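Quick heads-up: structures coming right below.
In what follows, chain A forms one complex with chain B and a second complex with chain C.
Presenting the complex of A and B:
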């Protein structure tokens, strides 16, 4: 019996529950100094002067560093972006967002750092700030005059003029996928120690130790042989810790400069402006079709707010484009995007990274179209689904979906939600004119996982005592990979899960690694380990045959006890420790996975909301979710991933938004002001099992990390719109706060003037 | 200033700055690092500990205010290899992922169960409103607290 598919409890938990994890701030580093960054308080300004003289005299101050001291080239953007849009390590001439680092102060302890930071005087000459990405396109305010434009990159439309020809109905709408803060509970943190022999050890709260190592090599100019990066326990990442930032990459440089170990741990208030933000798209959607519900054409035009320095966020529309069709077979589709810089925190990946934006657009578009032709949202979806016998399916933009059954996902979720009964109750409330109205929202989605990151490395070694050591290039921060990866090795090699040691997040221990990003860990990292274990199994078979003086073809592996014997004589069996001792070079195999490509999880969500028509207050009452991520290794872990994703999806739909005033000052700079979703705002989720294996890998596994967010956001938004549909409302902006919803109700209820 | 709280059953004695936060005292002076800092506005609850039997956010208390008090952190709950019922319930119900909010969440759950030994789901959700988690969507945390409510010893602390 295979252990795969079972609810194996997490091996990680006892530590987290008793002594707590070991996050960067918990590391006992002897003699470590503390780094504190002084940050810009202005969204856009010229720096006329930075006076650090008083700060230098403050108690405990060891060093004060300004941009002039940093002998490193600014952090260059992607090659396809104007290279003048580079990010200085510490601002010297211009600041472009509130929170941009200007000075680094090194002190003996953390409180001294904050004291000294207060003594730094920065002389700003304010410049006009541009916050709205659509305004930024006009270029009245240009962030990088040398670039001559705010446009960082773009994907032009094909420019079809006859896209909507033959459509009886065309609906057009601008919608906003607002900027949100990823908010891992642990912010960014890094520590660095140089040893006497010139080797660096850096601990980084990162989703990829190897990625961080490569950044130190490429941007700080360190020799890869001298660098060891360790990602210790990491308190969440959600995409925002995929790439590095000036603040953490500078930590080893500072340690070398001061000749002592240093540590940097950002505060939440710093994190809210320093850690990258997610989403941030203005979307123009156009959808056309026939009155009987067939969608014939769809155009999505995106303006991506990249923030002040173009990072991963500037490339998010590439992912949006890949998933522009959604789950529908639409004859004519067009996509265009422009990424622009604004005076905001740089935009980065956040749970879904470009795909939630694609799903939000098409799923809102389908509802708008359904409302226009007076057809039910479930019916319009069914009418246009890619049929289940069409896979592999190539979309309008050339994305190849591996497997799917969207009809079945929708059927399952509607049945579980008791959709018909919900519609009846809605009708009754409307007839009665209840103060609290009911809204039912649908979303059927498909997303791409393991996009753009094909390889992953994994190694399996049999230890002398017969236990198994696995090394993996994935880098968990909450996903439970110690448990899931050891399940894969245990199943293949016939050992107990507890007899598998999983090593990760350490560039000295793990040869190569891409990391835990893009919902890729099991389908890439897991598959690499699975294959390496298979190679070890083959090696062991030969060694066992030698020991038992038999033909390897006659050897039988007993996966229950992890033993090899000759067919017919199970009593004379060799164990893993026997074989490890007998194998000349030991039993070990490493797999550097190549190819395989991405996979396409899909699902269907139903959200049920109540809306108080007098106050605009929305309560999410139910969230019913079918999330199909192919073969599931550990349902407990998979459901955990879905739950977290659902909550973040609800958060964007109803509560969370990074807000700025007109001068570019962020007004959501701590967790008292930012509407981080809490337990009190959520119901328990109803998750429904569905598994459509992928042919792309031997585990049949797709990614599960981001699906919940991708499906939940539009489902909840559509539910809020649906609750108000009887007033003629077709759209409610996110987040659907009481104020926003109340305004929509008032506008819809006002008698027409004019 | 001199402070002498009892932390997990052991009497401490230290001279500290008057402004030192209790959470930094516990982490940096006493050396108990399970209790985490997740914000700077007393919003997230990652630093929740028991102070004289009541749950407090230890970033909102000065170390000097805890002079003479009895403090219990998550480190005191398990005995040898045996998890406390609340810890056990979190494990069995997958109530933690990255683990950062977990020590504070467990202490808040323990305090909640002392006030509501048999809480409804709504009481659990409202009771944990001040403890933020970004990973679990709270689903399994709520499940864990409801499961712990039925376990013997769930409200006890042996420190």
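Presenting the complex of A and C:
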């Protein structure tokens, strides 16, 4: 019997629930100085002067660093982006968003840093701020005059003029996938210590220790042999800690300059403007088809708000494009995108990273089309699904979906939600004219996991006492990978889960690694460990055969006890510790996984909302979710991922939005103003089991980290629209705040004019 | 998120606290539960030179029967209001409103006196004090004085408590059996109210509003309409009369006015006014 598929409790939890984790801020680094960044208070301005003379005299100040002191090339963007859009380590001539670092102050303690920061005087000459990405496109004000444009990159449309030929109905709408803040509980943090022999140890709150190491090599010019990066306990990342930032990469450089250990931990106020933001797309959707519900053509045109310095967010429309078709077989599809810079915090990856935007667009489009032709949203979806016998399926843009059964996912979720009964109740409430109306929203999604990052590294070693040491290139920060990775090794080698030690997040201990990103850890990191364990098993068989003077082909491995014996004589068995002692070079194997391609999890969500028609307030009453991520190793861990994902998906639909005033000042810079969701705003989720294994890897596993977020947002948004549909409402912008919903109701209820 | 430097004095008694206030004048601020003051200090929006900590003064934490009123010590925590049998019986709107403040952690720290003396128009308990027609007891160098709730809230974050004075007790008339309602409209459960309504119907009706102006406000037009015999719905229609609500992230002035009318109607109906 396999342990895989069981609800093994998280091995991580006893520590987190008792003594707590050890985050960068907790590290007892003797003699560490503190870095405080002075940040721009203007969205767009020329810097006329930076006066640090008073700050230098403040108590405890060891060093004050401006951009002129930093002898490093600015952080260059991707090669396909104008290189003049590079990000300075510390701004010297121009600031381009509120929160951009200008000065680094190094002090004996944190309090002194905050006090000294108040003594830095920056002379700004304000420039007009570019806040609206559509206006940025016009280029009346350009952020980088040398580039001559605000366009960072783009994917042009094929330019088909006859896309909607033959369509009886065409619906067009501009919708906004608003900017949100990732809000990990732990913000960014870094510490650096240079040893006497010239080696650097950097601790970084990162989703990839190896990625951070490579950034130090590429951007700070350090020799990889001299760099050790450790990601200790990391309090969440959600994509925003995949790449590094000027503030954390500069910490080792500062430590070298001042000749002492240095630490930097951002505050929540800093994190809200300094940590990258997610989403931020303006989407023009056009959908056409026949009156009996067949969708014939779909066009999605995106303006991506990349923020002030183009980072991975500028490239996410590539992911949106890959998933543009959604779960539908649409004969003609066209996609175009343009990424523009604006005077906002740079846009980065955030849970889903380009796919939630694609799903939101197509799932809103399908509902708009259904409303236009007067057909039910479930019926239109069924009419257009890619059939289950069509896999592997190549979409209009060339994405190859591995496996799926969208009809079944929809059937399961509608049955679990009791969809017909909900529709009846909705009808009754409408007939009675209830103050509180009911809305039912659907979303059927497919997403891509492990995209763009093929490899992962894993190693398995049998220790002298027969316990197993696993090294993995994934870099967990809340997912429970110690548990899931040790389950994989334990199952393969016939040892107890507790007898597996999992080492990760340390470039000295783990040879290579990509990290924990893109919902890929099990299908890549897990598979690498699975294969390495298989290699160790083969080595062990040979050693056991030698010891028992038998032919290796006659050896039997008993996975229950983790023993080897000759067929027919189980009493004479060798244990892992016997074999580890006997193997000349020990029992160890490393696998550098390559290829395998991505997988395509899918699912169907039903959201049920109540809307107070007098105040516009929306309550999410139910969220019923089928999320099929292939074979599930540990349902409890998978549900944890789904629950968190659903919560963040609901948050975008109803609560969260990064907002700025017209001058580009962010106005959602703390968790009172930024409506970060909490458990009190959520119902108990109803999750439904469905497993369609992938043929892409031997575990049959797809990714589960982002699915919930991708499905929940459109389901909830569609539910809010549905609650108001009897008033003729076809769309409600996100987030559906009470005031927004109230205005939509007022406008829909007003007598038609003109 | 790091406050500016300040001195800290832990008062051992009310007299001790008053002495510290006399010494430091308006450079000093009283610290009770800290849930209003400390965030402002961490954002460096408030930079008092001296904090006089009264949070541990047990002598001001009580709910007692004062005959025709309940006498509540200024340092009584929200949680103690929430669970007081006397208040649940004699002035149930107060425990009910206290139960909606923040989350359990906030309610175990925050105090009634701190909330009232801070005078934040977005706080719940000031409106409840108005609706109940509570009386505040303020002590200073000249001794003790009583201030009716209607004269207590003077301006934005400004109350009748002078810089050398301290709010020590809140007296709440007993209204057992009266109709009441507390309507709090928020985006998230733990948020400050976008608009809130406290209504107590005990013969006449007291109605007060949260976050409809720079101070906690009595809905005088509503009360007058009710006194003249208007229905709850008609009285609610003038809920925003004479008010000048502000705009913020969650609501513009028009929406606040609309919410005030809807929520007052609901509150009056629930209170049986």
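Operating definition for what follows: the second predicted complex is superposed on the first by the 754 of 754 C-alpha atoms of A that agree within 3 Å, B and C clash if a C-alpha of one lies under 4 Å from a C-alpha of the other, contacts with A are read in each partner's own complex, and residues count from 1 in each chain.
Everything below uses one rule, namely that a contact is a pair of C-beta atoms (placed from the backbone, for glycine too) under 8 Å apart; a residue touches a chain by one contact, two chains touch by 3 or more.
It should be emphasised that the depicted structure is a prediction, and the values quoted were computed from it without experimental measurement.
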Which chain makes contact with more of the residues of chain A, chain B or else chain C? B
Give one of first, second, both or neither to describe whether A:513 is in contact with chain B, with chain C, with both, or with none. neither
Going by the contact rule set out at the top, does A:441 touch chain B (first), chain C (second), both, or neither? neither
May I ask you to decide whether A:644 touches chain B, chain C, both, or neither, giving the answer as first, second, both or neither? first
Go through the superposed model and pick first if A:185 touches only chain B, second if only chain C, both, or neither. first
After superposition on the shared chain, which partner residues are touched by A:739: those of chain B (first), chain C (second), both, or neither? second
Which partner chains sit in contact with A:10 here, chain B, chain C, both or neither? Use first/second/both/neither. first
Touching A:74 in the superposition: chain B (first), chain C (second), both, neither? neither
Scan A:289 for contacts with chain B and chain C and give back first, second, both or neither. neither
Please indicate which partner A:267 is in contact with in the superposed arrangement: first for chain B, second for chain C, both, or neither. both
Mind sorting out which residues of chain A both chain B and chain C touch, each in its own complex? 110-111, 267-269, 670, 672, 678, 680
Show which residues of chain A lie in contact with chain B when the two form their complex. 9-10, 12-23, 25-26, 110-111, 183-186, 233-236, 238, 267-269, 477-480, 636-637, 639-640, 643-648, 670-672, 676, 678-680, 682, 684-685, 708
Per the contact definition, I'd like the list of chain C residues that touch chain A in the complex. 1-2, 4-5, 43-44, 185, 187-192, 194, 249-252, 255, 258-259, 262-263
In the complex, go through chain A and note every residue touching chain C. 110-111, 114-115, 118, 267-269, 614-615, 617, 655, 659, 667-668, 670, 672-673, 675, 677-678, 680-681, 737-739, 742-743
How about chain B: which of its residues touch chain A in the complex? 17, 19-20, 24, 27, 33-44, 46, 74-75, 77-78, 83, 87, 90-92, 94, 96-103, 106, 121, 124-126, 128-143
